[in-house]
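Dropping the structures in below, format is structure tokens.
Both complexes below contain chain A, partnered by chain B and then by chain C.
Showing the complex of A and B:
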């Protein structure tokens, strides 16, 4: 190998090295430890290191364990769908209808929810959605409902809390994608006789799919792993997987069972990544 | 170049030396306490810090399982004082976590006789923790919205009259014991054979409940009018709200209730055992007990009958009714590992159950 090639290789490693070391130390090693723990058992208040798949078997045998996974998937899919439905028009208006000088202000407004504490925001929603809250009062005042309506402490409340946050996230990823689509494409479509709808349907929408998919992927992954929102807004009416994992830790300090459940969550998230990978073009954002 | 390097090295050395000197000179005495949230009230620990020139670092937890998880991630000697449920003292002693204490150091004669419970705090005749505070997991309610007479029956927890008006405190052992009491099963007799009946009533409670959650969640639900009853609630859930809403009350049903009790001990691996013991002496003093009983996190009865409390505070804590309550309440169960797993499984099913 020539000196130049060696120098080039060395420079490459020096650039990649810190990131690689970080990933090994703070992702791969913890992941390996978690995988190993998932094969241990908690017996008599202590962790027994005999390897076994008992925790995984227990997870799939007991409906109250694996139902938590299905609940998480349902909530994540509904959240992603509703957030996407709300975020796309918002991002479209921001990218193409709002004058450039107002775009920055509109974007700041879009990311404002990210500036408040996640916990405070969730408790605020709890008050808004309670039977004494503003939503219930408004519904009664308009005559749409006879008595108090309590949305707090239900799955709907959890989804509302998630949607509030993720609509903004999706808006940003879709907006970033939309502004990169050259205006000449839309003009060319119009010159060739396409209507506004056809231009959107056949040009803008397909080209914005990567932004939608990155946002949808992030929404699904972050929703699947979130503990705070369902804990505060869901009122324990049902368990989502992160809550079921926390139960194992908080009640029994059963780290092996919690690790097995976390590994299952990791597998599900990896599967989501594989499904989305063909659209995940980060460089387009 | 050499000169620049020399200057840099000299600056680094000077900075290092000065930092070292500062650390050594300013290093305060510190005490690390692992406790329930009531000890984090600055009113409580501030007086001890001032009197002893010490900084008390508090880490709060909300269940022995969480505390054990924290301890597993800590080095021996990281912690000095442990506030733990009395019922779990023997368990943590078995794990080698607590150091023996000298009984003469603490005012045992002033502690309510029913609360001394040496069977919970002593192992092989040695004292490992001192009872410091107690209360009840029973029924808390808004007396302006429910009929208080109904609350005298533990079976009110699944009474259809209160459908949609119930919050359930998410602590499996006391609430399942309460269900047992409502079914006529004394907590000490609760066994795996009763779980089917208990589960049935838990599911009925789920159908009537609006929320299941931790102390803050159920407290918020009661305070905001979202619910009118807390199953498993007690003075710890409502006393602190008494000033804002005097209608928030609690009661022991005629069949009895569940008594919780917390104790305080010194970690076996602590390097500051004397200071830790000093802290426990302060907590057990009349002044410390008064502040602990009325901590901003939750109020409950002090173990020391000589606690410094005003007449109004004693009224809120139902001081005069304690002999009756103590006689009509049961301790937390001490299930073996298999039964504990079965209880937790049933509770998880209850949490997951959608009526």
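Showing the complex of A and C:
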């Protein structure tokens, strides 16, 4: 390598260096420390640094531990499916049926609650779904139910809270995908004799799969890792994995067990990442 | 147009319009309920609605803890966004202008925090600070927020760096500018919109981030964590008022960004 080439490399590294060091020091190293902690044990209030897989074994042996994982997976899949069915028609109508000059304002309105804080959004649903809330009151007024209905503190409430957020997110990703499909494709299909449904089923839908998949991926990953929504809306009767992790820290101060469960969460999310990787154009970054 | 096709075309639009209205009702319902019952003139934010009153807002602005948390949030968001943009800008310049030996690996590592849940990033920091006996603090939140904002700041700025800018940089170098002058007087002004966009994106993420802030802070907390502790008192119009304030501030920020970026785009 010539002197100037080496100097250029050096200069480039000095620019990249600070950001790289930050990511290594406060992201990569902590992950390794957490991985190491997951192999320790907490015995009698002290952390024993003998390496073993005891925490992982405990996780898969004790039902109340691994149930949290399965609860999380179920809630994530249901959320993604329901959100998709709600968001797709909305995105479709916004993209193709709403006149262009209204599109922008309609889209902004469709994601307005994005801008409340996450904690506040879940709290708002608590207001709506509690036994004294407007859903319960409305059901009683219309005579559909006799007494107060408490949807809050159930899995249904968690899912409603999640579906609300991810319907907005999926509407965005699907809309962005739909408006990129040239109108000439649909016109061509119609000219060749396809019915409106055939045009949708054979042309528009296949071309919009990337937007659906990116949205589904984000939904699964963000749902699996979220603590706020299940904690505020779902209550304690049935825990999701992030709640179980936080419980280990807050109630037991069991950092090794919490680390092991975090590692399991990370592996699950990585698996989702691998499954969806063909639709996520990482190399574009 | 005769009556029949007009009626037919109206009827054809009814299902779509009904669907959009129903979807908007679902999407906007919680926010509407939140704001409406922040004006509730009784102790519980539940129907029937009585009011309006602004006394809960007055209580919020007199609440020392909420106001301190608000100031902390602004401070943490500003500091972490500025730091993330600085690091992201330098890294983007390094990668775009110098063909580094391990460029692909560096980009991958810089983007890696995007693929991990905030909960796990927060857990990692918590365990690490615990192991090294570093006390919980606002500074720890800033560290965590830079970790989550750096990948985005880097990606936004890096995506805006093109060939035409490196030609201008070369011209500046030919005219005798040294590397630092090129960076500060030529590259940075050209990338200003991207840096600004990255800053506001980071700011909103940090402003709303909860789980890392909860895990690595103790006495001084940010607004989401303070709101979290308000929730322990159950349903309360004061919490509605705090939530409404956060919502209105965020919408205002978004509106300003929209106007600034939109007007810029129009003028170009």
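Quick note on the criterion: the second predicted complex is superposed on the first by the 252 of 285 C-alpha atoms of A that agree within 3 Å, B and C clash if a C-alpha of one lies under 4 Å from a C-alpha of the other, contacts with A are read in each partner's own complex, and residues count from 1 in each chain.
The criterion applied here is as follows: a residue touches a chain if its C-beta (ideal position, glycine included) is under 8 Å from a C-beta of that chain, and two chains touch if they have at least 3 such contacts.
Treat the numbers as computed from the prediction; the structure is a model and nothing was measured.
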Partner chain(s) touched by A:188 [first = chain B, second = chain C, both, neither]: neither
Which of chain B and chain C A:145 touches, first, second, both or neither: neither
A:48 touches, of chain B and chain C: first, second, both or neither? neither
Partner chain in contact with A:271 - chain B first, chain C second, else both or neither: neither
Partner with the higher number of touched chain A residues, chain C or chain B: C
Chain B versus chain C as contact partner of A:232, first or second or both or neither: both
First (chain B), second (chain C), both or neither touched by A:132: both
Chain B versus chain C as contact partner of A:62, first or second or both or neither: first
First, second, both or neither for A:249, with chain B first and chain C second: both
Footprint overlap on chain A, comparing chain B with chain C: 123, 126-127, 130, 132, 232, 249, 255
Touching residues (chain side chain A, partner chain C) in the complex: 8-9, 11-20, 22-24, 26-31, 33-34, 37, 86, 89-90, 93-94, 97-98, 106, 109-113, 115-121, 123-128, 130, 132-134, 137, 164, 167-168, 221-222, 224-228, 232, 242, 245, 249, 255, 258-259, 262, 265-266, 269-270, 273, 282, 285
Touching residues on chain C, where the partner in the complex is chain A: 13, 16, 19-20, 23-24, 26-31, 33-34, 37, 44-47, 87-88, 90-91, 93-95, 97-101, 106-107, 109-113, 115-121, 123-128, 130-131, 143-144, 146-147, 150, 154-155, 179, 207-208, 210-211, 215, 223-224, 227-228, 231, 235, 239-240, 242-243, 246-247, 250-251, 254
For the chain A and chain B complex, residues of the former touching the latter: 43-45, 62-65, 67-68, 123, 126-127, 130-132, 150, 152-153, 231-232, 235-239, 243-244, 247, 249-253, 255
Interface residues, chain B side, partner chain A - complex: 62-63, 65-66, 68-69, 72, 91, 94-95, 168, 170, 172, 210-213, 217, 220-221, 224-226, 337, 340-341, 344-345, 348-349, 351-352, 354
